[in-house]
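Below: one structure in structure tokens.
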Amino acid sequence: MSDRLRPRWHILVFLAPAVLVYTAVMIFPLFNTLRLSLFTEVEQERVFVGLQNFRTLFGDAIWSEQFWNALGNNFWFFFIHMVVQNPIGVILAAILSHPRLRFAHLYRSAIFIPTILSFVIVGFAWKLILSPIWGIAPSLLDAVGLKSLFAPWLGKEEYALTTLALISVWQFVGIPMMLIYAALLSIPEEILEAGECDGITGMSAFWKIKLPLILPSIGIISILTFVGNFNAFDLIYAAQGALAGPDFSTDILGTFLYRTFFGFQLQLGDPHMGSAIATAMFVIILIGVCIYLFGIQTRLRRYQF
Amino acid sequence: MNKARRNPLNTAAAHLILLTYTVIALFPVFVILINSFKTRKAIFREPLALPSAETFSTIGYETVFKQGDFFLYFQNSMIVTVCSLFFILLFGAMAAFALAEYRFRGNTLMGLYLALGIMIPIRIGTVAILEMMVATGLVNTLLALILVYTAQGLPLAVFILSEFMKQVSDDLKNAGRIDGLSEYTIFFRLVLPLVRPAMATVAVFNMIPIWNDLWFPLILAPAEATKTLTLGSQVFIGQFVTDWNAVLSALSMAILPVLILYVIFSRQLIRGITSGAVK
Amino acid sequence: MTALKLSNVCKSFGKTEVLRNIDLEVDEGEFVVFVGPSGCGKSTLLRVIAGLEDATEGSVEIGGEMVNQVPPAKRGIAMVFQSYALYPHLTVEGNMALGLKQEGQPRAVIEERVAKASHMLSLEDYLKRRPSELSGGQRQRVAIGRAIVREPKLFLFDEPLSNLDAALRMKTRIEIASLHKALDASMIYVTHDQTEAMTLADKIVVLRDGAVEQIGAPMELYNNPANRFVAGFLGAPSMNFLPAETLGGAAGHTIGIRPENLRIAEDGQISGTVAHVERLGGDTHLLVRTPAGDEVTVRIFGQSQIQRDAEVTLAYDPAEAYVFDADGARV
Amino acid sequence: MTALKLSNVCKSFGKTEVLRNIDLEVDEGEFVVFVGPSGCGKSTLLRVIAGLEDATEGSVEIGGEMVNQVPPAKRGIAMVFQSYALYPHLTVEGNMALGLKQEGQPRAVIEERVAKASHMLSLEDYLKRRPSELSGGQRQRVAIGRAIVREPKLFLFDEPLSNLDAALRMKTRIEIASLHKALDASMIYVTHDQTEAMTLADKIVVLRDGAVEQIGAPMELYNNPANRFVAGFLGAPSMNFLPAETLGGAAGHTIGIRPENLRIAEDGQISGTVAHVERLGGDTHLLVRTPAGDEVTVRIFGQSQIQRDAEVTLAYDPAEAYVFDADGARV
Amino acid sequence: QDVTLTIESWRNDDLTLWQDQIIPAFEAANPGIKVNFTPSAPAEYNAVLNSKLDAGSAGDLITCRPFDASLALFEDGKLADLSDLEAMASFSDVAKSAWQTDDGSATFCVPMASVIHGFIYNKEAFEEVGVEPPATVDEFYAVLDKLKEDGSYIPMAMGTNDQWEAATMGYQNIGPTYWKGEEGRLALIAGEQKLTDEPWVAPYREIAKWKDYLGDGFEAQTYPDSQNLFTLGRAAIYPAGSWEISGFNAQADFEMGAFPPPVVSAGDTCYISDHTDIAIGLNAASPNAEAAKTFLNWVGSEEFAQIYANALPGFFSLSSHDVAMEDPLAQEFVSWRGKCEPTIRSTYQILSRGTPNLENETWNASAQVIKGAESPEDAGQRLQDGLASWYEPQQ
């Protein structure tokens, strides 16, 4: 569409409701909170300290160690999602979107069910299944002769994070699946038919026709995964508690933030340090999103159907 | 339908993959469901066993129905979820349309601004939100929850919908413009119907956290009259002793409504809405 | 050998019957043109042949083999879609090359064939563009190019030249004809253009409402239409139909006279007033209204100076007239 | 009054110049046809007029008012898109009615106009279908219907009949002509069909590579082409061009003779062998190859019995021949 | 006109108790005051409460966590000073200490209950295997060895997945015996002892030995898992807090007994953790302060103590009223008050005010030590370093 110079009130009208609600109920409170990162509390008084909190966060060994540990864990968490969740989601969507597949909606709903479960249930169910005591996983593995592979995964530092990431993958695969599915649906049938006549079917139809056409959606799920993972919190909290055991091996930025901001057990909430962590997280995510928005999204070609 | 294009081998493989994954997806859910019908002892003695005559128990469900007005909670959850989704979809789609369709100064910045919300957990803004709700007298009303969820859902909605709206053929919108349709009509009559799959997707994505949210109901509307289902079920999670029967029952029941909503929305995932539009 | 054999092919979309009992044989190397009114089922028939739609009934054989269960990719066909169906994410070049790449053709062959096709279709300047940056006619040519580079044994063309200008259309038509000869492939071609149908076809199939009306060589159909529909459908402007009575024929019958077979003459059988004159440059069409209220089109070679409202008498050679009965069948 | 005035309109897509300095005036109630080779910029020009593309330079005036800044919805136009651009989620009826609903027309009016248009386009049976359930030609008719129900002052048609069969095309052409008269609207019409161009136009605009080559009444252009391009573009089959020398003219010049102006005659100026015969039924085209290797098309009225490889001599009336200089300009 | 008081609490567990017993009893005695008990999930309680207090939407009565969490609220002016409340007279200074300013000048919550640590055991299992409840550490391990040898029971039900079990039921349970209860605790606060000192490292050394007696995969065993292991009769000993009593009574179908943390050598003074755990205070911003005080006074009454302690065996009244309890297990626990020195958990007062948080660190260290991932000495060193980093007396 062309640029026109005359005033375009409709743009304002389209944007206004969202911007108003969002600014008032979301941005304002959030930034009001982030502002706290520049303050600290001394003798029940709020004092402006500039970047002191950040200096503590990155300079103080105790804080920075936790922060980098959480950040590193977070990247691993994200990595697992990227290499496991999204490909599985895309594969499932690709299979499901096959126009003549029977029971597709049944499969689709079934696969989506984990996504609608609450974290309490997910945490409970998986702890029960993986529990070395109640024996679902051990006996299942036993049944296929792999009992020796069993370990109390959630309790071992080396496995816990990966296990949780995989549980999270299990839970959220529905999201990339549905998004990609929606994107695949919008590819005009005729283009695929033309491909079929050209001998491009099955896998090659996916790689050569569908994939390029859904790339923007893949971009979206990547960035959503990124944002979602760096904000993740509930699952770990439900499964491992706010201390993200064992020995902080499952601590990610979300749990670190929560613990600091709201406090935990005897640890009192510290909104100031908490905000500093939130700000740091925000900056990390913002950088990621900007890389996506300006570096990738603008380069992705979109096709109109 | 079309026999010629169905490859039995591929079809079998597809079904195999899907079945496998369905089993993986449903197994834990199955575990929860069967256990919600067992006595506590049976849950932990043999978590995998089906409820048998002696282990069968609906004690969990009974507890749930005894404790609190679950139908009211259910209704509250429903109202909050549906209203929030409505506003998220409406406002989100409008903003997404503005971003996807018009080139104006600050377009990308506006997009970024609207995405900021997904980068910080909204929980940390709780106090300010709560203060605002207290000031406006909205505490313990469902409206407070609806407002928060709407704001919370908007960034994602705008993000996803604008991407999908960019795919709607310009010629189609232009045909509308030439037909004299106003930009509003183009949005409501042409673009919205054509991004139905995306709208459904966004609805489903937002529905889940709203439905399952515990935090804001706890803080903004913990009153008995405004309790949501998730909050209501939380009663059974104690400090030291968790009534797993009741938790499993309550949460199993809470799956149903979302599942129904999901099915309703996913009916909008229709193929070929745009086919036949342009040559 | 038969390249394609359709036996009793029927197709319905839900309750809408679109194809009815189509029987057709196409010999190897034959060029068959489908013509018929808009919506009569031509495209659907092509899609059934391609395997994109299942026939509700009947069988499709390609190269002597029953292919009802064979997927399109394995039928050895190439198709130009009426709506083009270009790959939006690929350049013109990519659109043409994709099928070849899939076949695993060596790069040199691909490049050569793409170059040849794009030369033939005057697309050389656009090879790096994507479909959205092309004009309607250019897109259509890409669709043709995509089909012809594959050099299969059976081509299906669905109105491939409809958006091209006359000169290009002629050029492309000739190219297709020579391609047909060079590859010795069978071609099935849907068109609304009389010239294309008459000049390209070995055999024309006239369809109407999903059923075959007549099959035959072009001039055979032109000169010996089986019924009034075929007679009226071929030829532009189309045949004039007059009640036989007004010309001394049997009641209920209709007499058909082609516009070019009518001459302005002193002693003509038909008289009337010129209601409208269409000057096409090379031809002039007169619309003559008889006193009985019938309208007759007369085609005059070259530029006639005759004016509207002139009183004229039209003559025709009864040998060149066709007689149809009340049901439209040729008598 | 002028319905439309384009002054010095230019349009580029990035570096590609698509329209160059187009000047054009369309009077109220005038029927203007754009013709030109595929990709010459016809659609782009329509889109600039409609306001869907901004002219890179120049101004567009509609009804005496400069509209460069006016959105398409306010320009009082209706357009048939070359790609149809139907609303895929609406039925045929909905597609046609949407614009009227938006105007706030009463239901009765909407229903009446939709009924009229769908009758005119033979779409009555399809009113409840969605575009995806229609044939190509039916979709095209819906696109036409959507434009005409609105009855605006200025119509823009982009190859509106390209996918219709000859009979329907003629019928629709006549309907459009009478609509034009009834509404007294201005129409701008893009077509590749010579018959449409010649019969519908008050004025034909010949475009080439984004620039106007010639503007004039149909027969004026046919008989007085300004240059070789226009001469060759109008008329099917197109004009023969022979080096003037071979016919005794000036060196470097070209002589153009229309195929219908060549006769087979004993004492013709050109002799050659029949290389190819195209029998169209109403006409016969001969491709004659001269000893010098030039190819000449001859159009013969009716069905000629002449065969391939016959030796023929062709005569023409020098008064009917055109002479062009080396640059293609008419001499 | 009726006043409605709302109570904020983390005790979901007690919901029915409040609804069916406590509130009716209060309302009957105090017409015109309605009480509404609105617990939230324990894990969210602090965060939710703080948010509500900050925004001014919290209930009138606030259930108080011990020590710093409540102290901070008081210092922020969120909790009213209740020093002058009549009911305070019914509580000893020790009972009140968890809800007082550091200098003891102001009390802001009415104490409700404390919990006692010890070990609960399966009497039937003990009989089966032929062991007696141990009194000394050596006996304790002998019992464990015997159980392990026998093999039909997991000797001890404890997991490290949730971490706090290891710290609370392990370290804080047996620890007082080594650091001599209050003596050691106060010395630590005063900076006279260090966490690297033997009394503080020794308990780690002990729990490190427990590893061998825990069930398979205890690393992933959660707190509910442990409870279930024990109540389903699969484990013989359960390092416990008295709060488990009511749940265990309901769930276990075997007889249970309890023994206090074993002493090092026979005849040594025994120490128990009798931890002040729960109290109730007044929201300073409550518009119904008068009614709320009426309620708080009632909380200090004998009637309340009676109802509460019997409805929730294992939560022992802190008031000086003489409360008769019917539950034998609860009686067993409370009987240790008579023969052992009570103390509270070492990390609760003052020491968990800074970062790193000593309590959280202790959770982590206990779990690590049990798993064998960290040596007791290293753990002590780490905690000491952490504490010293912000706590002046330790620097």
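Each chain carries a letter (A, B, C, D and E) given by its place in the written order, and its residues are counted from 1.
One rule holds for everything that comes next: a residue touches a chain if its C-beta (ideal position, glycine included) is under 8 Å from a C-beta of that chain, and two chains touch if they have at least 3 such contacts.
If you want to know which protein each chain is, UniProt gives these names: A = Carbohydrate ABC transporter membrane protein 1, CUT1 family; B = Carbohydrate ABC transporter membrane protein 2, CUT1 family; C, D = Carbohydrate ABC transporter ATP-binding protein, CUT1 family.
In this text, all values refer to a predicted model and were calculated from it rather than measured experimentally.
Common neighbours of subunit A and subunit E under the contact definition above: B.
The chain with its CA mean position farthest from that of subunit D is E.
Ranked by C-beta contact pairs, the top pair of chains is A-B.
Distance from the subunit A centre to the subunit C centre is 57 Å, each centre being the mean of its Cα atoms. If each chain is reduced to the centroid of its CA atoms, subunit A and subunit B end up 15 Å from each other.
Separation between the centroids of subunit B and subunit D, computed from CA atoms only, is 54 Å. Our note on geometry: subunit D versus subunit E, Cα centroid distance of 92 Å, whole angstroms.
Residue positions of subunit E with contacts to 2 or more other chains are 228. In subunit A, 1, 3, 134, 188, 190, 196, 201, 258, 303-305 are the positions where the chain touches two or more neighbouring chains simultaneously. Looking at subunit D, one finds that residues 51-52, 71, 82-83, 133-134, 136 touch two or more other chains. Note for the complex: subunit E touches subunit B at residues 10-13, 15-16, 38-42, 44, 48, 51-52, 54-57, 223-224, 227-228, 232, 241, 243-244, 246-247, 251. Within the complex formed with subunit C, the subunit D residues making contact are 13, 35-39, 41-44, 82-83, 133-138, 141, 158-159, 162-170, 192, 194-195, 198-199, 218-219, 222-223, 232-238, 258-261, 278-283, 299, 301-303. On subunit D, the positions that touch subunit B within their shared complex are 50-52, 71-73, 77-79, 81-89, 98-99, 102-103, 130-134, 136, 139, 146, 150. Across the complex, subunit E meets subunit A through its residues 43, 46-47, 50, 67-69, 72, 75-77, 159-164, 215-222, 225, 228-229, 347-348, 352-353, 355-360, 363-364, 367-368, 371, 373, 386, 389. Taken in their complex, subunit B has these residues touching subunit A: 1-2, 5-7, 10-11, 14-15, 17-19, 21-22, 24-29, 31-32, 35, 44, 47-48, 87, 90-92, 94-95, 97-99, 101-104, 108, 110-129, 132, 147-148, 150-152, 154-156, 158-160, 163-164, 166-170, 173-174, 182-184, 187, 197-198, 200-201, 204-205, 207-208, 211-212, 214, 230, 233, 237, 244, 247-248, 251-252, 254-255, 258-259, 262-263, 266, 269-275, 277-278.
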